[in-house]
Amino acid sequence: MEHTTSPATIATPHPEQEAVVELHDLRKSYGKGSAAVPILDGVNFEVRRGEFVCVVGPSGSGKTTLLKCIAGLLRPTAGRTVFEGEEVTEPPAKLAVVFQDYSRSLLPWMTIRRNVALPLKNKFAKAEREARIEEALESVGLAGKGHLYPWQMSGGMQQRAAIARGLAYQPDVLLMDEPFAAVDAQTRIDLEDLVLEIRAKYNTTVLFVTHDIDEAVYLADRVIVLSGAPTSVSHNIPVDLPSPRHQVDTKREPRFGELRAFVFEQIQAAKSNAVRNRADA
Amino acid sequence: MRWRGIASVAVVLLGWEAASRSGLLPAASLPPASDVLMAWPTLAAAPAFWASVGHTLASALGGLGIVVLIAVPAALAIGLSRFVRESTWLVVEFLKPIPPVAMIPLGLLLWGPSETMKLTLIAFGALWPFLTQMVYGINQVDHVALDMARSYRLKAWLTTSRVVIPSLLPFAATGLRVSASIAVVVSVVTELIGGAAGLGRDIMVAQSAGNLPAMYALILTTGMLGLLINFAFAAAERPLLFWHPSQRKESD
Amino acid sequence: GGAAPANQPTAGAGGAGGVEIKVGLIPVAEFFPVYVAEDQGFFDEAGLNVSVESMSNAASIVPSVLNGQLSIGTAATPPFLTAVEKKIPVTAVANAGNTSSVEGEDTGAFVVGSDSGITSPSGLEGKTVAVNALSSLPHVAAVARIAADGGNPDAVRFVAMPFTDMLTALEQKRVDAILPVEPFMSQSLEAGGTSISPLYTGVYPAGTTHTLYFASQNFAAENPEALAGFREAIAKANELISKDQAVLRKALVEHGGMPEATAETVNLPAYETDFNLEGMKDMAAKMKDNGFLTTDVDVEASILK
Amino acid sequence: MNRTLPVLGTAALRLWLPVLLVALWWFSSAGSQNIYFPPLATIVETLTNDWLGSRVTTDLLPSLGKFALGFLLSAIGGIAIGTWLGLSPAAREAAEPIVQFLRSLPPPVLLPIGLLFFGITGTMNVAIIVLGAIWPTVLNTADGVRSLDGQVVDMARSYRLTFAQRLFSVVLPNAAPQIFAGLRTTLQLSIILIVVSEMVAAVSGVGYYVLNSQQTFAVAETWAGTLVLGLIGYLSTLVFLAVEKRVLNWQHGMRRAAQGA
Amino acid sequence: MEHTTSPATIATPHPEQEAVVELHDLRKSYGKGSAAVPILDGVNFEVRRGEFVCVVGPSGSGKTTLLKCIAGLLRPTAGRTVFEGEEVTEPPAKLAVVFQDYSRSLLPWMTIRRNVALPLKNKFAKAEREARIEEALESVGLAGKGHLYPWQMSGGMQQRAAIARGLAYQPDVLLMDEPFAAVDAQTRIDLEDLVLEIRAKYNTTVLFVTHDIDEAVYLADRVIVLSGAPTSVSHNIPVDLPSPRHQVDTKREPRFGELRAFVFEQIQAAKSNAVRNRADA
């Protein structure tokens, strides 16, 4: 069961925009036949153009699985993912993913600069490519580190490099899977504002998985709370905070505190529900 | 720096010499190390010897080149396409264990004691290790990296050249070194039996003449050839595989 | 198909413009008259331009002769007869080496360890004997000799190994007897082996053609003059050698890489100018008796007229 | 239904090409007059006559025994030596020239050495197989052992895993894919070396059969023997893959997971 | 320069205990000769038995490097690490590390259960081993998941498995490198309390790297702030909050807020200092 109720009445954000990503009763199991373990159990929601949607949910609930299905990297067991009106069967060109497992999504035989450059080869001319790479590295705080190899960098630096690759690609839709998990508090704040800025500048649609509820509420136009595995959407919470957001002011608003508490409670509920369901079965 | 290697070679040679001199090794079929080493200058003085070395080396490397040209696309096709993999499976597995030695008469019939015959048999014999290795390597490519490539919609050639081939390299390097020594081996054996020009034929002639020191000096030469090719490959590998855990020892 | 590079012990480029003849040659003394003929200019006289490919055995030479990569091959008589029996279209074109009639000059021997207690070929029953290859000239001869000596060849275990390893195998008592041919025979005897019997002399009629040159029937049909010239030149060389073995010994050193000391002392086969048909027929008969051939081979028809 | 279909599909996929090639061979060689390319029918007839009867016990089984023993010794020895070379840079440096030298020697020239030490016994044949076939496993194991991820090395060190644990739980499983690639080549070479080892001092065996038929111009027999070798290779590969599948189970699972099954 | 001043005067925790880990002017550079990049630039501090020390600092400052030097996994370029009175030259037996790059420190060819069991083989008898494994998996919320392979688990589950391995090992000293970065808020809270509990039960000494300042202050007896690279200890802040801690009560205390703000400022200062230093050079 899905709730769209939120602590108070709110307006739907971007109601005028078309949906870029639509999930219709998405289902995914790992394994085959009798060994199949259902993970996604009928997920329905849509993301409109320019919208910033955060996905939160207990660890192991299926957030990464969901993102991979949307990205066309995993084939759903049932249901459909629609991207810009077309059913997703392979990764859409206008979409980029920043992976949770950053240390393995960077290629160890290339410097950071070349890792970032790699997907740009087909998209942009050389001069523009160079500019973009510089800009992206600079914006994640890796200016002057482009010559390092991934294995010469700290965990947080690797993660930022993976983010730079996603940003430089300038996709219409950016999927990010816990992108800031390994960076320090200040860098995290900087990167949050960076993503908001980029969204504002290029009208990028962002689907963002995070564990940090403050972060989710701060960034999102809408927070989607997943239930425990098998997963469906347990809550779909519009965030009615004024834009543009501000790290100090926004977080000081009473509404921020309310939403934050509400999301936290919903995750708790989702989690204990999942435990209860499992006990019942 | 490589003093250990040099030392171990010296130990083996001295052991051989001592065993021969003490009668432990029968001089009639294995002359003492010093005799064999002494035969070398005589051999090396003859241009024919160097021509033979050239022939053996050229066909081994040539055959290896053919192997790479065939195996790289074949391995990619086999590794990436289930259709190709399953279709060719039986044929490949059937052909692999067929000894190049058994193919020599056929090779001679089709091409005579020629370079073409040698190259064909070398390619046939040295193909499989490299191919096997490449296919195993393809199965080892990190799936997170592959997902990354797919999600950024890297063109097939970019995915191949930037993601698949580099992660294949460690496997390919090993495979190429295995294939290289097999190439030398098949090259020498076809010369020995099939009579194409090269060190193998020289070995056969020396053997017929009962010139044991020369024969063993030639055999040592073939071993040295393999050794040299291997060192060359190892040297070429290092800058290519600098990122690989086996090469970045001083990363700490 | 590529042309075979011929830069090994090659008979050199003689008279340019002559008929190209490529000989696939097993590098043993029996076939060294080819080098003598080349050195003496006999091939030039016959209008032939001869080059040589050293090859290991008849089995590897035959395919190249059949496909025209080689014009002429070399073989011992037994494998040649086997090929004829298997209907391989080859024909003998010239006589190479022949069985020596003088016992002390045989080019092969039964050699045993000095303390073996074996004294005759028939004493090898139940023993293991090393030959260079199965169904080869020494093997065929040894079987015939044991039978002639009253022994049962079937009771003897013949195993193949390179000549170079025989002596050691004998010394290590891995085998009871070996059948070395020159130059390995001399080496074995020097090293303390005991000869209990010559290998060829007396088994076959004196002068039996035991090695020969052959060509494919196609080549023979198309190049009768060239082959006649070749036979002529070889005959001249053989004749020269029978008078003066030194020319051949010199060729062994120069073209075969044989150590000089060895070349000077090895026993050489007889070199006759023409085929010894009687001997070949006798050999064919004995091969059939001993199971090396399953049918009668028409020896006469296998020789180029 | 659902389960049998893919299986049938795989069988069909695997069979079409070999069937096509065999058919091509059969019809193009029918009535062939070329001595070296006898009709396939003749070859098959020779094969059934020679290899379905008494030769199974006199030639096939002994050869198979030597091959199996040779392969097993090569596998065990190769993994042991390779691990040693992979773990110890000093050992690698010392042994490298010798190893590289030995593996570049053509197997026929190893025969005298085999003869020297083992005489004309079955042990010699096995020794030749081992001497010739062990190297791919040695090399692959050494390279695989060295390719351990630094993070895993750190983990093993910090938890002070014993040498045996490091070896059997960390180093060898990590190298396993590469070791199996090497073993597969060793398997192939072991079969090839049956022939080489039976070049000398043999009076029976598949290799002897092939060589002897070649020496005596028995072409159909040569082909038949070659097919027997191919069959041995094919069947032993099946067994090998079954073992490999068990050992590398985790890797197959990981791959399937990555492909989104 | 190092400050031990904190927002108000406080008592040194565990002053009576001996030092378990001592760092004496620890220095570490990567690369050799002229290409050497100094990372640790004279780090001095000590950790007493039973103490819980959190290390914070900007991303890429050298926290992981520091931990590896303490664990005996990296050889310092200069200076000494002393563990229980002896200089560290190889990993001490009584120490366990939970690595930052969890996805690579788990062995893909073993199930989680066997991954956890591996280091216990030499330490405990079979029955105890079994009990420990169950307990550790249970405590990180992976009860019943022991049969899964690492690549069948979500990022957070992998990270928890790595934690379970460290806990089951029951070391005297536990080094943890951002162990909770990939888990959801509630799980994080549970794990924080789990580690505190274990510390209390077994008197384990814990050295804990984190990016989450709340977490650092909540957990620690002392917070060590590293400066930007090249790194030294910029602040050494005793946390004078009452023990045992409580997720709601402790975080509600005004002192908590003060310390939190103070640590945040110090990291900021360290970071801008590092930037300034680099600009000067």
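Think of it as A, B, C, D and E in the order they're written, each chain with its own count starting at 1.
We take it that a residue touches a chain if its C-beta (ideal position, glycine included) is under 8 Å from a C-beta of that chain, and two chains touch if they have at least 3 such contacts.
If you want to know which protein each chain is, UniProt gives these names: A, E = ABC transporter ATP-binding protein; B, D = ABC transporter permease.
Just so it is clear, the model here is predicted, and its values are computed rather than measured.
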| item | value |
| --- | --- |
| Co-neighbours of chain D and chain C - touch as defined | B |
| Pair joined by the larger number of C-beta contacts - B-D, D-E | B-D |
| Rounded Å distance between chain B and chain E, as computed from the means of their C-alpha atoms | 50 |
| Interchain centroid distance [CA atoms averaged], chain D/chain E, Å | 50 |
| Chain centre separation (chain B, chain C; CA means) in Å | 35 |
| Chain A-chain C separation of Cα centroids, rounded to whole Å | 84 |
| Where chain E touches two or more other chains at once, by residue number | 30, 73, 101, 104, 152 |
| Residue list for chain C, restricted to those that touch at least two other chains | 57, 59, 63, 66, 162, 164-165, 168, 172 |
| Multi-chain contact residues (two or more partners), chain B | 26, 29-30, 105-106, 109, 147, 192-193, 244, 248, 251-252 |
| In the complex with chain B, residue positions of chain D that touch it | 10, 13-18, 21, 36, 90, 93-98, 100-109, 112-113, 115-116, 135-136, 139-140, 143, 146-150, 177-178, 180-182, 184-185, 187-189, 191-192, 195-196, 210-211, 214, 222, 225-226, 229-234, 236-237, 251, 254-255, 257-259 |
| Chain B-touching residues of chain A, taken from the complex the two chains share | 68, 71-73, 90-93, 95-97, 99, 101, 104-105, 107-110, 118-119, 121-122, 149, 151-152, 165, 169 |
| Interface residues, chain B side, partner chain A - complex | 142, 144-145, 147-148, 150-155, 158, 162-163, 166-167, 169, 243-244, 248, 251 |
| Complex interface listing, chain C residues touching chain D | 57, 59, 62-63, 66, 79, 82-83, 86-89, 128, 130, 133-135, 157-162, 164-165, 168-169, 172, 174-175 |
| Complex interface listing, chain B residues touching chain D | 2, 4-9, 12, 25-26, 29-30, 82-83, 86-91, 93-102, 105-106, 109, 128-129, 132-133, 136-137, 139-140, 143, 146-147, 170-171, 173-175, 177-178, 181-182, 184-185, 188-189, 192-193, 200, 203, 219, 222-227, 229-231, 244-246, 248, 251-252 |
